[in-house]
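One chain, subunit A, links the two complexes that follow: it is found with subunit B in the first and with subunit C in the second.
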Partner chain A sequence: MHALMVIRTYLKLGVLNVVQYRANFLFDLLSVGVYLTTSLLSLAVIFGQTQTLRGWTRDQLIALVGIQILVGGLNGLVIRPSMQQLMENIRLGTLDFMLTKPADSQLLASVQQVNIGSIAEVVVGLAVILTALARLGTEVGADGALLFLVMLVAGATIVYCFLLALSTCAFWFVRIQNILVIFQATFNEAGRWPITIYPGWLRATLTFLIPVAFAVTVPAESLTGRLTTLTTLATLALALGFVAASRWFWRVGLRHYTGASA
Partner chain B sequence: MRITPSTARTRESSVPWADSAVIAVRGLRKVYEVPEREGGVRAAAGSLFRRRTREVVAVSGIDFAIQPGEVVGFLGPNGAGKTTTLKMLSGLLYPTSGEASVLGFTPWRRDRAYLGRMTLIMGQRNQLTWDIPVIDSYELNRAIFRIPWPEYRRRRDELIDLLEIGELVRKPVRNLSLGERMKCEIAGSLLHQPTVLFLDEPTIGLDVGMQRRIRAFIADYNERYDATILLTSHYMADVEALCRRVIVIHHGSLLYDGDLPGLVRRFSPHKTITVEFEEGFSQAPGERLAALIAPAGEVVEQSAIGATLRVPKAETARVTGRLLAELPIADLTVEDPPIEEVIERVFSSGSSEAPGQDQVAAEITREAERR
Partner chain C sequence: MATLPVAEQPVAEFERLSLSALLEFYGAKFRTELALQFAYRGALAIWLLSLVSQPLISLVVWTTVAETNGGSAGGFTAGEYAAYFVILMVVNQLTFSWHMWEFEWRVRTGFFSPVLLRPLHPVHNDIIENLTFKALTLVALLPIAVTLGFAFDARFAPSLADVVAFGPALVLAMALRFLVEWTVALAAFWMTRTMAVNQVFGVLSFFLSGLIAPLALFPAPVQVAAAILPFRWSVAFPVELAQGQLSGVEILLGLLAQVIWIVLAVVLLRLVWRHGVRRYSAVGA
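Right after this comes the complex of A and B.
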């Protein structure tokens, strides 16, 4: 598969170049450490007062924090840096070079930049999830692990498509770098908690407008055994829908770009 | 050289009108819609809601055909439509109307087979990834263009050798100078061994030595692989060294298509005569010179030991004879004016609306006469 080979090459070079950015890697590690600490502290404060939060126990919420860090890490590994680079390419006109290459332009745009420092978050996220599971004492069987993995991939896909669609807006508005910052802030702040704790309107926003729910809460539900079949199927359907819609939007944007740029 | 649509012959080729040409363009036209607003806050606020647009004709129906292995200079002032044309030919822009065929493909359909056989190099924009070593960017291109490893290594090493960039390719792009970066860009764009090259000002901003090396490399590549090259440049030295043929566009229309000397003949009805006086001839002969070359000639420059004169072509022989007879002349040369000067006059003569070919020539003549 050509696409996989291209992705593999980008990732390989990203790993090879991490040595050039040791400081960057250390800062990533430091920042994820700070983030984890504040998350755990706020959990400690809340569970000093109560035993459950809308049905979620402390250790379940620790698992959720782990999932959030993991998804954030996967996002920061390729998607976010690539989308930032994409908007830069549109602004500077260097997207031209991507379009003159015999490969899928969406693919090239989506994997063009690898920030290998985010591996730190992936590792920390996994460690937190495993710790939480150990404390919960739940045995996650093969099917449970598979379900979790599928939900994780679906969630990450939804986030990717969402960010791609946001970045595609740059074809019309050129300077919209801040749009990614808004997503990031929402993801970091609202994503720390299961969305079931929010009031209805906010829950709807975080599910459909800014799909934090599918990125974090749904995979966490799958690990803690509270995922319904309906939600599972809806998540998969939504992921597929996002893929189709964002690709369609990308093509519209591209047509706009090739039709108008000088 | 214009295309004549071949009606009698039915060829296997998908575009019979392109004939044997590698690049063929027919009636190619591109109109941009650009947003427009008056200055000021109120107008800016208004334009948020109601965008007024204005049509700008970037390329207004051009035709040309380029044969395999030709290196053609594509000339025109800024905004003439050169880059727009190159972008249409490399598949980045849809034309408003007209046709083009490159290697038998319609560029803007962006067939992967087509993209794998051409390259676009822009001197003003770089495509190598900023933060990683050059050689890693090359490897990305290897993956994208599906170049088999042995082929890739052979071509990479050959290009590194030819461009003398062995020292540079392990450094990240941001640590390279402009000239070094350009050489690395060129090597990266040629790894898939394209046979059609669109070069948009490949030597811009480089020092003279670097320009010369890049020129030599392009000529060499053209020879080695029989590549067809369409090149734009503001440096006439590039064009003179590389292109036997030039296509001149101005305000989106084709002004000239032919060889370089022909361009000079067509657009410069003058010759430049440079004279050097014998030693000891110190008397400033300004008025005498002017009288000798009157009525149509003029003194461009004059120094203690010589002068540069511009005379109409038809007068050249008569004026030369008179000069030699009347003045103590040690040396005399008759030349066509430098190509830069000719080009500059072609372009500076353009008015705001697109003038016809003859109109421009007429304007040039008029302007020259006024001086």
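Right after this comes the complex of A and C.
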């Protein structure tokens, strides 16, 4: 299949591009270490004062932190660096080169950059999830694991579409690279806690929280046995809706692209 | 003078500028900086969002903790937590600086080369940039903080003395946090990658400045560390003061600690700057 071949080639090139800078990997590892320490210390301070947080125990929240690091890592591998590059290309007009290539532009834009360092996050995230599950003593059967995986993929898809839509705004506003920084900050800060602790009006105001909810809280709910059938179906429907909407928005944005000479 | 290579620039030259010339520079630079930053309103709004969201998330977490435990936890009621973090939001915005994250780029790209040729210490430029950012974002942040205070039913009762002392404590905290972070930023003269230093400093600051939780909730050794280091005095102290948590003696001692740390920070900044700038090799210039 043509699209798959394009993805494979691009990812291979991307990997070759970044393995030149091996020392960076150590810094990425340090970053995840610092982040994990902050999260665990925050939990320690909070659970020094209470036994549960809106029904979540400390170990359940550790599992949630693991999921957050994992999802952040998955996005950081290809999606986030590619979106950053995409905004840069739109600003500089170098998107021209991508549009002239005989493949789908959204696909090319989404896989153009790879950041291997995020593997550190993926590994640490998985380790934290497994540790938390061991401490919780939860038996996750084959169907439970499958449900978790499906929810994880749905969540990651929603985050991808959301980031694509944010980046697409660059066709109109040009200088908005900060928006990805802010999304990342919200994801790191707000994603540490189950979305259910935020009051409803706040969830509605901070739209950034919506993808965080589906990417982190819903998979965590599936692991800790609090996922309802309704939430499962809503998540899947929303993922599909996001895919269609972001695709449509990308096409609209592309029509507003003014090119290199502008 | 301007033809000398950067390394041979006499650093002490900076101090010969008269106060009136410095004030004139501040006035003119402030006006241009205001226009410049206002031109990028979108970027300002985005930074504002992150200055609001972080304390807001802590606020939500801690009021939830208090409510789960029947109204109070660790000696604070839900309303007192709300007050702490709403005041913190304002104090954090007013003491916030970002130069730590810019210095690596400044050294790497040779940004300092033309700056060092000017007869004025570069710190003045950053002070004005910083104050302009704070003035512009405060206009939007204050109404947000007040609204959140009402929405979460913030409870605090400062005495008249607290209100009077809050002004100086806040200004000293602004000066202290800026000076300390600017000095830490100078690490970029010795290292090509300052990410590690910045991140470790960031985590220390996150816990010891009282950004994640009121310092009273931490174990005693952590509280002592926060009080010996500049962290408590650069953020948490004015917040505790405005909340009415502190006695008269504690307030006076706090102000004294702030002054002592500011003097130390100025000495340290000049020392580190003097050594650091000699290592600057103007890469990319």
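Assume the second predicted complex is superposed on the first by the 243 of 262 C-alpha atoms of A that agree within 3 Å, B and C clash if a C-alpha of one lies under 4 Å from a C-alpha of the other, contacts with A are read in each partner's own complex, and residues count from 1 in each chain.
As a working rule, contacts are C-beta pairs under 8 Å (C-beta built on N, C-alpha and C of every residue); 3 or more make two chains touch, one makes a residue touch a chain.
Since this is a predicted model, take the numbers as computed values, not measurements.
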Should A:Leu233 be classified as contacting the first partner (subunit B), the second (subunit C), both, or neither? neither
Give one of first, second, both or neither to describe whether A:Leu202 is in contact with subunit B, with subunit C, with both, or with none. second
Check whether A:Asn17 is in contact with subunit B, with subunit C, with both or with neither, and answer first, second, both or neither. first
After the superposition on A, what does A:Leu92 contact: first (subunit B), second (subunit C), both or neither? first
So, does A:Val34 touch the first partner subunit B, the second partner subunit C, both, or neither? second
Please work out whether A:Lys101 is in contact with subunit B alone, subunit C alone, both, or neither, and reply first, second, both or neither. first
Touching A:His2, do we find subunit B (first), subunit C (second), both, or neither? first
What part of subunit C is in contact with subunit A in the complex they form? 40, 42-43, 46-47, 49-50, 53-54, 56-57, 60-62, 64-65, 68-69, 73-74, 151, 193, 195-196, 199-200, 202-203, 206-207, 212-213, 217-218
Residues of subunit B that touch subunit A when the two form their complex: 32-33, 58, 83-84, 87, 90-94, 108, 110, 112-113, 115-116, 118-120, 122, 125-127, 129, 131-133, 136, 139-146, 172
So in the complex, the part of subunit A that touches subunit C is made up of which residues? 27, 30-31, 34, 37-38, 41-42, 45-46, 48-50, 52-54, 173, 175-176, 178-179, 181-182, 185-186, 189-190, 193, 197-199, 201-202, 206
Footprint of subunit B on subunit A - complex, ascending: 2, 5-6, 8-10, 13, 16-17, 20, 92-94, 96-97, 99-103, 108, 112-113, 258-262
